[in-house]
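Letters A, B, C and D mark the chains as written, and numbering starts fresh at 1 in each.
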């Protein structure tokens, strides 16, 4: 076990993946000498060469479109989108090509592409640097969507995403990059039997009254809320896989607690919270003692940074929802 | 009106009248048997195309995008590829897929609606038709980056239309091809139309002139002259293989049919234009040349026509006999490894559809 | 009252809007001499000139990006995206610029842009011509999303969308283009008081046992199902406005019926059905006698056309869901 | 290393040593007072920039993108605009916004995070900074299409960087500008870097060469020479106004600071490069010229420095005093007319935040 930041854990996981498989190549803006604006690829170009860690032109559709071609040639491209708000120019390639190519070719062509996206707010940034666009990708059949919440999960799931034969949109909670945690670098991330399955949600805190489902940047917030909760015993579930959703784990919890709060930074309307609410309500109709409540960003553009504390769900808003759920 | 007068500056080795014309820079020498093969390819592709159009009229295909008139550009360029090279065609490039060994029924399957694909791209060295305009240019650039990484001397060719050059993706593909010095040939068939939009009205300047601004050469070729197309494409492929990076080839040709079977070109173009281009027909041109040079005789031409008719019968019967996909196959290959929520949907659909069968059974 | 197809009603509504306001201009691929691939703009270029009905280059980001500039100059651009599957290259301009410009400029710049998109399946088309991408836009704050279901609604709402000072993504159910209906062309669509409010859902069929909420192409299907239903009395609501959602009307209905089925062609996962289910469940928690059920396309890419009848919700699948709701 | 040697072919009217040099094609005559004004603008913009960088270090701004070294390109081009013209700047174009009359504190507001905008674009004839690379090039093309429809002789200028030319949007803007013959000048500041990516390594060919392939002229200008920038931009704007369509101007300049205050350029570029460019400083160059020609004297320069210091104080105080936006303002102007679901969210937030105030009050 080593204590390290999530940024370092991702870097270390990427390095492992490159060592393991020479077909893993990286493409992205400023990921080479600079190591990416968040330094997640720091040192990788130096150690693996300019051929495997490629600084790309400033063109996101190009980055993803080129990754499609690289995948057809047998590579496993890991691309970096510099910030959440800059993935949209690549949306067409992602939705029309990356997501559908395997199905279109009746399984003959695989798209083992990982699209890494530092995402979410809370870092005091200017516009387009704090978005949470995960719902767009979760709605898109053919994609998988992962989102780690701590260094150990980041270390493991980035390797699993790269080893996965499906395309994975990999959301990195950028405001947690510098949070530290224990990482077991000896651990073989590709031995996915058991607890290391990236497609399963994780019960991080056991409770009896209310289940709180969350992911990425909100996990720490929700754990803090659970610990701070005096009135109710809160169970915290880190969804981790946003597509496919591990509804079984959430439903099993709700069957015990009877209450569910879903928390995310993204806007509420047609977001992941809605899907989880709809599915869990269908599964646990008779067990639910309160409607599923959502604590989310508002249905507005992400605000100027001086307002983001009001926009982002925080400990108090989570507790408020827990209270409201308990009040039913 | 697009009368093709600008083609004057294009590389040409065979005049519309079927005469060999010299060119200062480009030349090509082909064996007689090769020349006959090219003729055969073009005739068969045209027959495939005509038959497909007929099948669509009869309701056997949902749609068809005709390659009529573009056979020289398509067959000529694709025939320059090696088996291990890779082609990225559009929905109209039947002469390309044909030349890559994609089977006629594989080509038609998508248009019938039994699949969105039709063949194994890796096996054929040829991607599935790309419908979203311009997307495949980037795939080609990326694939070529991979070839480069492999240290291989394979080459890649990306097909797209004149209209496609408007799309950001095609221009980004030029950037990627150039920056990574990728072994890719960008092959633009300027067939004068993008559905109802005439090329000439839309952008001053010819398409191949765009290459210079991205740092690689561009060439204009008479796209209805299969010899010129081959000479130009060969050189571009050689440049790619030998580390010289991309080339943009503009093949000046003409879409002789409607955009697709859903289109009605009488709403936007003059019949006379078509007449002018009929005189430049790529097949007729080669045929006259072969006949004049004594490379092929009427017997040979008759034999090919006969073969074409057999192909038409084969295609007609084959399309009608295509196996309908099963409902459950929608769920296949959405992911390399399926997941529980999708499995549940598949199961539910199966149970649901089975319930009707039960209801109906006595 | 005149009997006409939805295609004609849209054409007539567009014409009205152009006559009313000289700032209304159109931009799109093949919309001029050809009149668009569906002929929705038929004759408009002839009558209003090449300056007001502009054939655009083949570049969707360009079309929408240019519309942003035109709007800044005081125009009201109505752009046509040729088919649903070709809106993705414009996604960046729509999400980052069209949706956010008004908020960004503190209300000083308006984006009265209408993005018309023929959408949905059922026409036997090749890939990318049968998509239902409405969830992406409904999730995007700053956009409004409308979807007419019959000629009269089309005639009215296209004019209302154009008159609206907010950007509207306008989804035209292409397989209903040739359905006929009565249209009152004398009707002043901009007098939105009362029944003509485009942002309100419409109760099209009154019933007592189950509410079915749907929109666009599914409305006819659901009305047919309601009429065919022998076991249950089905109320059919045409949502019409997909963003903002008129939850009040749906909730009021569910308060009476106690059951809700949502129907759309788009994939289920993180779709509009999820949002409606989540909101209505929150609003009507004690009234609901069954969980909200969804009848949707599957979480797969839209299939090859020979399979689309299996993919698309039809009368039987709607009735099946009604039965399942009744069985609770 | 980018040593600027390629600038040799660029239009230049003022040498790095501050000497007027003749140019066969471009000339400009300015009154002494105008020349002094240009100097003043550049000095004030630089002081604004330096102060903003300092304020960011002190935590008063969230971020700052420095315009250091690009003052001539920005001020020179924007000063050619008429009040009714329209400019579309990037996040770095403080010399442009300054010249359009955007107030210093308006420029800084976004970087402080009190707004995502800062000024009324219509009033200033200048769009809000566009952060998504390349988007604004299309807005400019569209706005110019509108100008054209109006029958007005206004002109439009779109600013973007060298890196931005990789993006599809910029290339599509070239297509739209060209096809609609729109009165737009595409003004590319090639400052040699796109964050850590050096221009020279990335794309062979110079940027202005791309214009020809889209059917309009491209010009390379010494971007650190404000006279040359003005001469070239004026002509391009005139062409636009008189129906001549777009021009692509490549202003060859240098980003002397880090990409933004978040960046650490020591990771990717040599200090020597900066030294070379310091000798080409656009402000020094004009200063020497003014002094040598007797257009301005030390007294004038001192006075401007004094004004610059006052500006710094004004900006420092003004930034610190900026009013914090209220939480509820998030919901303003999301729509021209709000809707019930959003109103409900706003109300809930208000009630929720009020509940804390209540809890806290005795």
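Here, a contact is a pair of C-beta atoms (placed from the backbone, for glycine too) under 8 Å apart; a residue touches a chain by one contact, two chains touch by 3 or more.
Bear in mind the structure is a predicted one, so any value in this text is a computation, not a measurement.
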Result of counting contacting C-beta pairs for C-D and B-C, higher pair: C-D
Most remote chain, CA-based centroid, reference being chain D: B
Chain A and chain D: spacing of chain centres that average the CA atoms, whole Å: 36
Where chain C and chain D are represented by their mean Cα positions, the distance between them in whole Å: 40
Rounded Å distance between chain A and chain C, as computed from the means of their C-alpha atoms: 31
Interface hub residues of chain D, defined as touching at least two other chains: 115-116, 132, 166-169, 172, 175, 179, 202-203, 334, 341-342
For chain A, residues that touch 2 or more chains besides their own: 57, 59, 61-62, 85, 88-89, 92, 96, 100, 103-104, 127-128, 141-142, 245, 269, 298-301
Contact footprint of chain D on chain C as seen in their complex: 25, 51-52, 54, 56-57, 59, 61-62, 64-75, 77, 89, 92-93, 96-97, 100, 102-110, 141-142, 144, 164-166, 199, 244-245, 247-248
Touch list for chain B against partner chain A, complex: 86, 115-117, 120-123, 127-128, 132, 135, 137-147, 149-150, 168-169, 172-173, 175-176, 179-180, 332-337, 339-342
Residue ranges of chain A touching chain D (in the complex, touch as defined): 29-30, 32-35, 37, 55, 57-59, 61-62, 85-86, 88-89, 124-128, 268-269, 298-301, 303-307, 310-311, 316-317, 320
For the chain A and chain C complex, residues of the former touching the latter: 61, 85, 88-89, 91-92, 95-96, 99-100, 103-104, 127-128, 135-136, 138-139, 141-142, 243, 245, 267, 269-275, 277-279, 281-282, 285, 290-294, 298-301, 328
Complex contacts: residues of chain D adjacent to chain A: 62-63, 91, 110-116, 131-133, 163-164, 166-169, 194-197, 202-203, 262-263, 267-268, 324-325, 327, 329-331, 334, 341-342, 345, 349, 352-353, 356
